[in-house]
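One chain, subunit A, appears in both complexes that follow, with subunit B as partner in the first and subunit C in the second.
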Partner chain A sequence: MTLCEAEKTFVLHGVEENFRIDGREREDYRPMELETDIVSHAFGSARLRLANTDVLVAVKIEVDTPFPERPFEGKLEFFVDCSANATPDFEGRGGEDVAIEISNTLSAAYHSPKVFDLRKLCILKGRKCWKIFVDILLLECGGNLFDAVSLAVKAALWNTQVPLIRQIDIDGNNVELKVSELSDCQRLDVKTAPVMVTVCKIGEHCIVDPNVAEEQCSVGSIVVSVSENKFSTVLQTGTGSLHSSTLLDCLKLGYKVAQRLDDALWSTLSKIQPTEDVGFLK
Partner chain B sequence: MSTNKELISKIGLRLDGRRANELRRIRCKLGVFTQPDGSAYLEQGLTKVLAAVYGPHQVRGGRSKAQHDNAIVNCQFSMAVFSTNERKRRPRGDRKSTELSMHLQQALLSVIKTELYPWSQIDVYVEVLHADGGIYPACVNASTLALIDAGIPIKEYVCACTASLANNDTPMLDISHQEEIIGGPTLTVAALPMSGKIVLMEMSQRFHLDHLKKVLEKALKGCRDVKQILDEAVRLHVRDVGSSTGWAGTG
Partner chain C sequence: MAICFPIHMSFRIKVGLRFFKFLNEKCPKKIHIRLAAHRVNTSVAVNQRYPKIYTPGEVITSQNEFMRGHGTYEENGDLKSSVAGVREQVNNLISVRPLKSRYNGEVGDVVVGRITEVQQRRWKVDTNSRLDSVLLLSSVNLPGGELRRRSAEDEHMMRQFLQEGDLISAEVQSVFSDGSLSLHTRSLRYGKLGQGVLVKVFPSLIRRSKTHFHNLPVGASIILGNNGFIWICPTINNAEESVGGFIQNLEEVIPRQERETISRIRNCILALAQSKMMLFDTSVLYAYLRNPLSTPYLNCWYQRRWWTSRY
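Coming up: the complex of A and B.
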């Protein structure tokens, strides 16, 4: 999608008057829909639809060997797949740049042990641990991918059931594990998992949740990921340059919005009922 | 579940409780996404597929590929890494997906009226969300719906179905993953159910020619059944869309 100068000016004026093209204010989000448990054979899953950005996240768990330098920790891996369904530009290897950017940012955001404690995934020191694969599938891109992905990942991890270890038999180098049934599992603790907010600078003001048109008008944007009351990563994207005072304003706005977003996510998750499989048929 | 791995039990029921000539439940929806020109979601049993159609539009990546008398149809098949029980390493680019892309293109080229769009391109993308046997038929059926949703003229529905032979004499319809594993040859057929023509036929294993006729017959019947279901979904969708726009422009 390309915009002409007049359209860009229109978006810019809208942001200045705090009345954006779809009627939102600068700090407002578009409507979101969240569903969990929609991939039946995964350990946890979630689908988030933010206006017309659509993200499906599934979590799979495997037994693996811990890294030698971190024998007490499990592993967490993010994989982003840009489906060509989202835009023909993603065909073949076209979506790889976007995919790598998102997955690297997610890994950075989840890196700190205060954010997500990998030590709980250790089964046997230096020998066995759980490896969590978080697979993210982008089905439609309507702007603001980072926020949508981070919320969907958090919801999917919240929904994830890690099997319990009933018994460990060690025989020389062989380790055999007896794993509990799927009905008897423990949930992951994701209270401190980060929420990302993209703050976009358009003209003199900063906005959150840009749609595709607004992303095109922005001179630069900052992605902040906030875990409870601390930043876990800050990433500047786009080609523009920002003044340091503007940057601080962006961070403050991002922090404030992330708190609201996190609260909203928790209250939604607590209300989710195990429903009949609706998924895409709704 | 039977332990002796019989495809059909003595009372004529299959592993998932179906009879030999029954399809799995098909549920589908047109227009699931807003950005593509046409999109559809289809569930066949546990197999879940999303299809999106972009176009007809200008040929991307240089005009050298463009044809002066036809539109080119570009298909990409892709499977989500979590779609199988064992996690996949790559969503696309392996041999199986390339083969399926080609077969899909073959089936769709037979029905799309490409001569109406010279110098242009139609993209069909399918994404498998859950693989439980019969991936190819589900992709073909979903693509047909997405093409219809995109409003691209087609000669008729193209539907696909699998069939197999149980206990060396009973033909079965619509093979699930479990039945694929247990064995027996699988025949995949993509057909034009209204004119009865076959556009793609694939046999996976060694198979006696004497049985081919009845298994093929069964697969074609499956295609006709699928067409009924798709047609119903399309009519329902058109009615919903039409009535919500007040049948604008039809009076």
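Coming up: the complex of A and C.
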């Protein structure tokens, strides 16, 4: 979709007026909808719908050998798949750039042990650890992918059940593990998992949660990922450059909004009842 | 022909106000994340009666005295639906009108479209149909006199008139054998659109009426394109428009008041579309006036993007 100049002008003036085309202010979010445990054969899953952006995240877990240089740590891997249903641009290899950008940003955001402690995934030093695969499927793109993906990933990891190790038999080089049933698992600790906020610069002002039209009007945006009260990654997208004071404003705004977003996510997650299936068809 | 789809035409907005309860949750700074289990069903039924919706492959009737119309097929002697929609019957002819479909144009329809390509003597226009429509250079009113020959110079100037991404309102001039449309803008009403907002809804929700251009008394104009594209803009001054259809005023800043009206209308249209209410001037106006809020905090309503890629 390309907008014409007049539409762009309308959006631009709206942002200046602090009254966007759907009636939001610059710092307002569109309402979201969340469902967890939506994929039955995954260890944890979540689907987040942010207006027209629709993201499905599934987590699976395998036993793996740790990296030799990090014998005490487990592994965490992100994979993004862009469904061609989302936009025709994703057909063939079209979505690859977006997918790589998102998965790299996520890996960077989860890299620090203060954000997500991989040592808890260690089973046996240097021999066995848990490897977590986070598969992200973009079902629809309605703008603001990064925020939606980060929230969905956090919700899916929150939902993930890691099996308990009951017994380890070591016989020379062979290690045999006996794990618990799925009913007896422990949850991952995702309290400090990062939340990303895209701060989009339109004209002279910064907005959060841009829709597709607003993304087209912007010259560039900053994606900040905030874990509790720390920044874990900052990414700049788009072609434009930013003045240092604007960058500072963007970071401040992103930080402030990320706190609110995190609070909103936690209050929603705390409301989840175990037997409320909705799924895709309702 | 009455379109009984999917809500009966006797429009009773009172029944449908359930969805406006949402709007009272006015809380500008808080971020809302709702659980899927708490989703509100916004569909509106008149007298608690929903029309039956057939799904693809569902048997409509096994009696064979009926003729099969659009959206149906025969298998093992049964008449089955090939689309998801409501049944329509004229004497012996049964057809199923799809809930969601691309736009099937008819001559004389008013459409709103977006230019996708500039070609030799023609523009390609996205009108939400299966194929892009064409707008011939010979079927537009060129600036500076209606009746003049199209010179080679005009062909070179085509991108100055309309370029990729521009929005136009137009009328369907003819339908080609493959279903693609030929448009024309040979009237002062039609032409390039200026500042405003485009809203996309299902084409089946637009009620056909005498005029699709409405100057609403609340201070905004809407063009209800038959193709499901709705254009909302500040009130158009007719005197100003007669200059020609290719002028956009990018300098003008639309005042806050009009902006609020436009956003409110946009959100009302999306709310109506989500509840599958027919859209015409009265329904939009009623929805607008029933909205109890003075501020248009309606961002619960967003555009449902229901088509995937081209089919």
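We take it that the second predicted complex is superposed on the first by the 280 of 282 C-alpha atoms of A that agree within 3 Å, B and C clash if a C-alpha of one lies under 4 Å from a C-alpha of the other, contacts with A are read in each partner's own complex, and residues count from 1 in each chain.
Here is the rule we go by: a residue touches a chain if its C-beta (ideal position, glycine included) is under 8 Å from a C-beta of that chain, and two chains touch if they have at least 3 such contacts.
Computed from a prediction, not measured in an experiment: that's the story for all the values here.
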- Message: Both complexes share subunit A, so when I overlay them there, do subunit B and subunit C fit or clash?
- Response: clash
- Residues of subunit A touched, compared between subunit B and subunit C (which is higher): C
- subunit B versus subunit C as contact partner of A:138, first or second or both or neither: neither
- Task: Using the superposition on chain A described above, determine whether A:271 touches subunit B (first), subunit C (second), both, or neither.
- Result: second
- Task: With the two complexes superposed on chain A, say which partner A:85 touches: subunit B (first), subunit C (second), both, or neither.
- Result: both
- Query: Touch check for A:99: first (subunit B), second (subunit C), both, or neither?
  - Reply: neither
- Message: Is A:2 touching anything from subunit B or subunit C once the two structures are fitted on A? First, second, both or neither.
- Response: second
- Message: For A:40 in the superposed arrangement: first (subunit B), second (subunit C), both or neither?
- Response: first
- Is A:195 touching the first partner subunit B, the second partner subunit C, both, or neither of them? neither
- Message: With both complexes overlaid on chain A, does A:60 touch subunit B (first), subunit C (second), both or neither?
- Response: first
- Which partner does A:253 contact after superposing on A: first (subunit B), second (subunit C), both, neither? neither
- Among 79-87, 169-177 or 223-231 on subunit C, the segment whose C-alpha atoms clash with subunit B after superposition: 79-87
- Task: Go through subunit A and flag every residue that touches subunit B in one model and subunit C in the other.
- Result: 52, 84-85, 87-88, 91, 140, 142
- Item | subunit C residues within the subunit A interface of the complex | 28-37, 39, 114, 163-167, 193-198, 248, 250, 253-254, 256, 259-260, 262-264, 266-267, 295-305, 308-310
- Task: Can you check the complex and tell me which residues of subunit A touch subunit B?
- Result: 39-42, 45, 52, 54, 56, 58, 60, 62, 79, 81, 83-88, 91-93, 133, 135, 137, 139-142, 279-281
- Task: Under the touch definition given earlier, write down the residues of subunit A that touch subunit C in their complex.
- Result: 1-7, 9-10, 13-14, 17, 19-25, 27-35, 47, 51-52, 84-85, 87-88, 91, 140, 142, 151, 260-261, 263-265, 267-268, 271-273, 276, 278, 282
- Item | Residues of subunit B touching subunit A in the complex | 27, 29, 32-36, 39, 41, 43, 46, 48, 50-52, 54, 60, 74, 76, 78, 80-82, 85, 87, 91-93, 123, 125, 127, 129-130
